[in-house]
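Per-chain numbering from 1; labels A, B, C and D assigned in written order.
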Amino acid sequence: EKPQTMAKGLKTQYVKDPIKFMGLEDLIPMSLNTKRMQLREILDRDVAPLLPEFIEKAQFPREVLGKIKGLFGLSEAKYGCRQVTPREKSIILYELARVDTSLATFYALTMSLVIYTIEALGSEEQKAKYLPGLCNLDLIGCWGLTEPDFGSDASGLQTTATPVDGGFILNGSKRWIGNAIISDIMVIWAKNTKTNKIEGFVIPSKTPGIHVKNIDRKLGLRMVQNGVITLIDVKVPITTRLEKATNFANGVKVVLEHSRVSIAWIATGMLSGVYEASVKHLRERIQFGVPIGAFQLNQEKLVRVLGHFHSCFLLAWRITELQEQGKATSGQAGLVKAITSLIGRDAVRLGREMLGGDGILIDNYVMKALADMEIVYTYEGTYDINALVAGEAITGISAFKSSYSLRKK
Amino acid sequence: EKPQTMAKGLKTQYVKDPIKFMGLEDLIPMSLNTKRMQLREILDRDVAPLLPEFIEKAQFPREVLGKIKGLFGLSEAKYGCRQVTPREKSIILYELARVDTSLATFYALTMSLVIYTIEALGSEEQKAKYLPGLCNLDLIGCWGLTEPDFGSDASGLQTTATPVDGGFILNGSKRWIGNAIISDIMVIWAKNTKTNKIEGFVIPSKTPGIHVKNIDRKLGLRMVQNGVITLIDVKVPITTRLEKATNFANGVKVVLEHSRVSIAWIATGMLSGVYEASVKHLRERIQFGVPIGAFQLNQEKLVRVLGHFHSCFLLAWRITELQEQGKATSGQAGLVKAITSLIGRDAVRLGREMLGGDGILIDNYVMKALADMEIVYTYEGTYDINALVAGEAITGISAFKSSYSLRKK
Amino acid sequence: EKPQTMAKGLKTQYVKDPIKFMGLEDLIPMSLNTKRMQLREILDRDVAPLLPEFIEKAQFPREVLGKIKGLFGLSEAKYGCRQVTPREKSIILYELARVDTSLATFYALTMSLVIYTIEALGSEEQKAKYLPGLCNLDLIGCWGLTEPDFGSDASGLQTTATPVDGGFILNGSKRWIGNAIISDIMVIWAKNTKTNKIEGFVIPSKTPGIHVKNIDRKLGLRMVQNGVITLIDVKVPITTRLEKATNFANGVKVVLEHSRVSIAWIATGMLSGVYEASVKHLRERIQFGVPIGAFQLNQEKLVRVLGHFHSCFLLAWRITELQEQGKATSGQAGLVKAITSLIGRDAVRLGREMLGGDGILIDNYVMKALADMEIVYTYEGTYDINALVAGEAITGISAFKSSYSLRKK
Amino acid sequence: EKPQTMAKGLKTQYVKDPIKFMGLEDLIPMSLNTKRMQLREILDRDVAPLLPEFIEKAQFPREVLGKIKGLFGLSEAKYGCRQVTPREKSIILYELARVDTSLATFYALTMSLVIYTIEALGSEEQKAKYLPGLCNLDLIGCWGLTEPDFGSDASGLQTTATPVDGGFILNGSKRWIGNAIISDIMVIWAKNTKTNKIEGFVIPSKTPGIHVKNIDRKLGLRMVQNGVITLIDVKVPITTRLEKATNFANGVKVVLEHSRVSIAWIATGMLSGVYEASVKHLRERIQFGVPIGAFQLNQEKLVRVLGHFHSCFLLAWRITELQEQGKATSGQAGLVKAITSLIGRDAVRLGREMLGGDGILIDNYVMKALADMEIVYTYEGTYDINALVAGEAITGISAFKSSYSLRKK
């Protein structure tokens, strides 16, 4: 299709990159910002153009992993892995999501769920064994918490770990697990039948008794391969247990509090992508003889996208600063995850509509962002669950449970 | 995956079908209502289960056409075709969309664009030649108005029809045309280079000089095949001209005013589908020991979906009554198309989130409805364009144009 | 302040009255429609201009009662009172609210709470004694259900009716009671200490032991006088008891189900007022050299107001039809009350902003509508409570209660 | 009315002050934060309780001025006035608005419009003459830009300043001018009939030819006295001219860019007030046997309020930092003013509804915040105008004008 020519007399000055409008770049340490721009160049040039076909076909883009290899690491340099600070991780997620949510999700999953779990809760032996491979992508991990019957209510999970001589027998089923089918190792959360506590295990995906089935026909996050894992009498040695994850609060909760911040950065990066696609379209697309950015209805929408972008960025930035200071809490992570996905969802919708018909093609970013944002809204605890997490923190009242079943008894 | 058992003690009485809650069925003539329920049975049993795979693969479900063959017809019984009144057409669209938006779009496209154009604007000869085939699906038609550079501004289209001896030469390009690649005949709108009026032509898709390319990687309405049609020196006889479409107002506008009502019914049918999927899920899915419908946050969302459903249904019904009386106007059609897609969009979003992770699978209706609703919002004139159509009707002031280009001159 | 002159060249044709845009008038029986227009004339000419000063001063406009005297009546002509059908009552509420919400509330309170309670639940003696006076406004009534500590949870009310020789002793406190301070008679709901059922009483406001204090500084519905009623050892004869109100379900609930429909009509009438004020302003107010209706941002807002108006009207109309057929249910009334106040609230906000600075003056309708709509949203059960009423009806699951207190025990 | 007792077993720990939830206090320099808490104490104790009566009566609370006298100053200490940095001004506005919007508006009007105009654009003589009195509230100023026919289109204003011997003759009319009737001096913007530029004048309110009439019956910002100023042949000496305000861009625009940031802080402070009133109510108000904060619907609303609060605070903080660095632009101010008032409006609505019936009384903060927010949304440029200001900055395309009038010529 022939490209439209730029409208005559259009000012060349405009805000292409939303991070520049209010100098948000200045919040990012200079050297990190330089790295950011290098990463952006690679993603724009070598990665982005390849993705639409994988998305259409719902395939994992193994081919592009090489391009993002250097981005992984630990909270401190060790085991031959480099250090990635909360700030750096945030910025990487931002840049990845600006290009594609599945890609950013792969990074978050690997860094904030799998690697972080092992680094924060694992034994020295586990760390030495798995972290190097995970950091250079020789190993792919997955993280199994939710089950067919326990999603929002993850802490009620039913997978069991029965202590036996020299180890445990795992039985149960996990659902929605990202990377499951392509994973080399799995983090599996299960209820210790003896202590009744929820504990974690890192185990090779090939362990006998483990069966994985892919979940097909997702209409968002199409490149991420989510699967159902069935564990039937899976015998694992005692060394697979995550030793610091002695219960839900010391285990799963610690990780989620950490990784929910990553999701906020994904939402923020997506809004950057949406803004950029929109402002470009508003300037280049001509209807009724003018660039469509000249129509008030479009212009007001773009401003709202930019405003929402700023809210997301600043919220995510604030909690990252608190993380750097070791002060971030679960309630804060809940608020930030909830709000960024809430207003993020509003923003992608606006971007989608500004592109008109063009806005429904995978290639033009906004529609895939709209579809992917539904999952950002839902995973790592839905909007509602995260709102209730924050709500409990601020009111002192827990509102997760219903009186319904109680009344029935 | 093992099914959850129904929560114990759950009341068996609930509102499964939203049309029954406030007796909206009573607005539908009894015999039509009976037909409706027969159609529903066929769709639920024979059609719905087949679709997810076609949607995943973005293929046209030619296999199911047989099931919906009897639904087509004309505004009066003639040329061997049965009569389909505005009311009946509405109800059919409602039932089709309740199952799938692509399917309903195929019906609307065929009935309200192709067949209606020929019936309302064509010559006797054209009617006799094409209507029977279109009505029994021996012929598939497409309807080409918008162009790469003229979408919202369709009346500015640039495809030309140059009068020559015995006919016309068509040149230009059409974009987004549904069915293009599978069509037997095409309605093509073009500017007569002599009169400068926009006129219509019905031509065989195989006419030399016509080239069709499919538009790939749509993330909504995936079963509908939209294409770009390029017309290079396409010679067509004078008999292909739609004789009553003497200009934009007598041609395109007449058809759009008519077909926008169909889109409102599609949105309404979709909300029925969304409500049904949601209420079912709220009763069957158990989290925290209760059916998730026991959570206030979910229950309030379901009520909003039901409220929006009623608004859509009643708005669409009202304009259909006006159509039956021959009183419907372009401004009304603009309002109804705009508002049903606006609140429809809000409703699908709610349905989507109530299903949590399950709500992202093609098979569970809500996510495909969410994606498809983006197109319902955009095609046949975007929300904004239809709002401005209604806006002009109610204020007496046209606000489509911008002062931008004018100031530049 | 000097009036602006009408923009030159402005089309004289536009939609001034939203009820005409889609022929909604045709739904109203002809003779009722004629009455409606007569009422409108009186209200516009003799009532509307007097109100702003009463609103500013938060005073009851006793002076205007004479103008609306003829509007009251019973569901059937009896006791010297005329008949007012559900349809007629709806239309009267619509016209009153179009001018002012306090006025319409006074009508709803009198007709749908006080008169309806007595007519539906009272003894022959009570009817004969009070209905004629209430219908011709010789008597002003109030209706006391909610209490300082029991608002949404009205069925938990604590006012007691202790059976004593020849009657009852009432003790307790009622809050928010409209008309309390100007009332001649009161309907009081109280818990029979013997049966533990909630029963109703009609008593003279002057009965010893009754104390009324006005609630000051309301920022909405300023003309309605709401009060706190304190009942200290109020002795009332047995004949004051409403004989058919044997418990909550047969008493309060019957009335609320009925009167919530009235609130939906108030919301609808308000949107008519908002639309009219807005369209007028958009045509008359000139900025940047044009009527501000020429700006897309304004025009789209007006269209949304009109769309919401139609949704409200049609929803309210539908349930009124069901009332006429004796088929309306509590769940339907909950849905209609909830949704009309929800979208009504959105619409008044839009009207308010279209008037810019002018839109904050009491005299220009939209700001008082915005403030009043907050109360429409809240009284007769808040939005949330009505949504949960509808929610229970459609899911079969009650979600009013919280598990909180239960867990504490 | 008797107070409810605190629900038994309610955790004492909760987030009372939203600024503490994510450590936003840490962004404020320590000494400034200490001052802030002192101011808060005074306002809560000595000011807040007095206001409801003034608001009800729509009177200016001259009595409380003494309490806030020390808060005024200049951008640098001079003329005997203390320095107030952008950060300090922001924090003062925040604390004032947390208590009352009219109060905060009085401060913004005095500091960011009147004092700032004179300090930034006036002559040494004007500064020495007026600033000391304005800073210690011996003089009250007003700032007159908008006119009956020029609100959003302020740059088109029609008040004229005709150069005459030794000065100017001012003629015209100003509308909505805050403080007009109580002012000692006025800043008046007028078009120099010779240069056709918009220039400013500082003149005593008692100058012959000046007439002021109050605008009555505002339903928001009731304590602020807005007036219409009529200037009939008002002769002023040349020394009244603001010498640096040589045209709109060097005058009005400079001031608005500065003062719009103040409005963002007002919105932010209001959200603090709304959050505090809401969380208190959710914990103390009991319905259905539990604190109403235990209901999911309420809790989710409170979380949204808190999220919006954070977005507003961080946006306002970011632009204040840019102001401190002298880098803030008009486009940024437009975005921040627009977005904070947009989401602020959403938040007050939520606070309002959480208080149920109590939420309509002036005394309970939320309803007056809801009413006042309408004006925050509208003054200093409506939301739409500020969005278009930002929109032009980011797209490079101006969309203020309509093609309507142009087409008519």
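Everything below uses one rule, namely that a residue touches a chain if its C-beta (ideal position, glycine included) is under 8 Å from a C-beta of that chain, and two chains touch if they have at least 3 such contacts.
What you see is a predicted model, and the numbers here were worked out from it, not measured in a lab.
Here the repeat of B-D among A-D, A-C or A-B is A-C, since over half of its contact pairs match by residue number.
Chain centres here are C-alpha means, and the one lying farthest from chain B is D. Mean C-alpha position of chain C lies 35 Å from that of chain D. Note: centroid distance chain A to chain C, computed from Cα atoms, is 48 Å.
Averaging C-alpha coordinates per chain places the centre of chain B 40 Å away from that of chain C.
Chain B has residues 291, 294-297, 300, 384, 397, 399, 401-402, 404 in contact with two or more other chains. Against chain A, in their complex, chain C makes its touches with residues 295-297, 300, 397-399, 401-404, 406-407. Chain D meets chain C in the complex at residues 1-2, 4, 7-9, 52, 55-56, 58, 146, 148-153, 156, 175-176, 215-221, 228, 286-291, 294-295, 297-298, 345, 349, 352-353, 356-357, 359-363, 367-368, 370-371, 374-375, 377-379, 382-384, 400-402, 404-405, 408. Per the touch definition, chain C reaches chain B in the complex via residues 10-15, 21-24, 279, 282-283, 291, 293-296, 299-300, 302-304, 306-307, 310-311, 314-315, 318-319, 322, 327, 331-332, 335, 338-339, 342-343, 384, 387-388, 390-397, 399.
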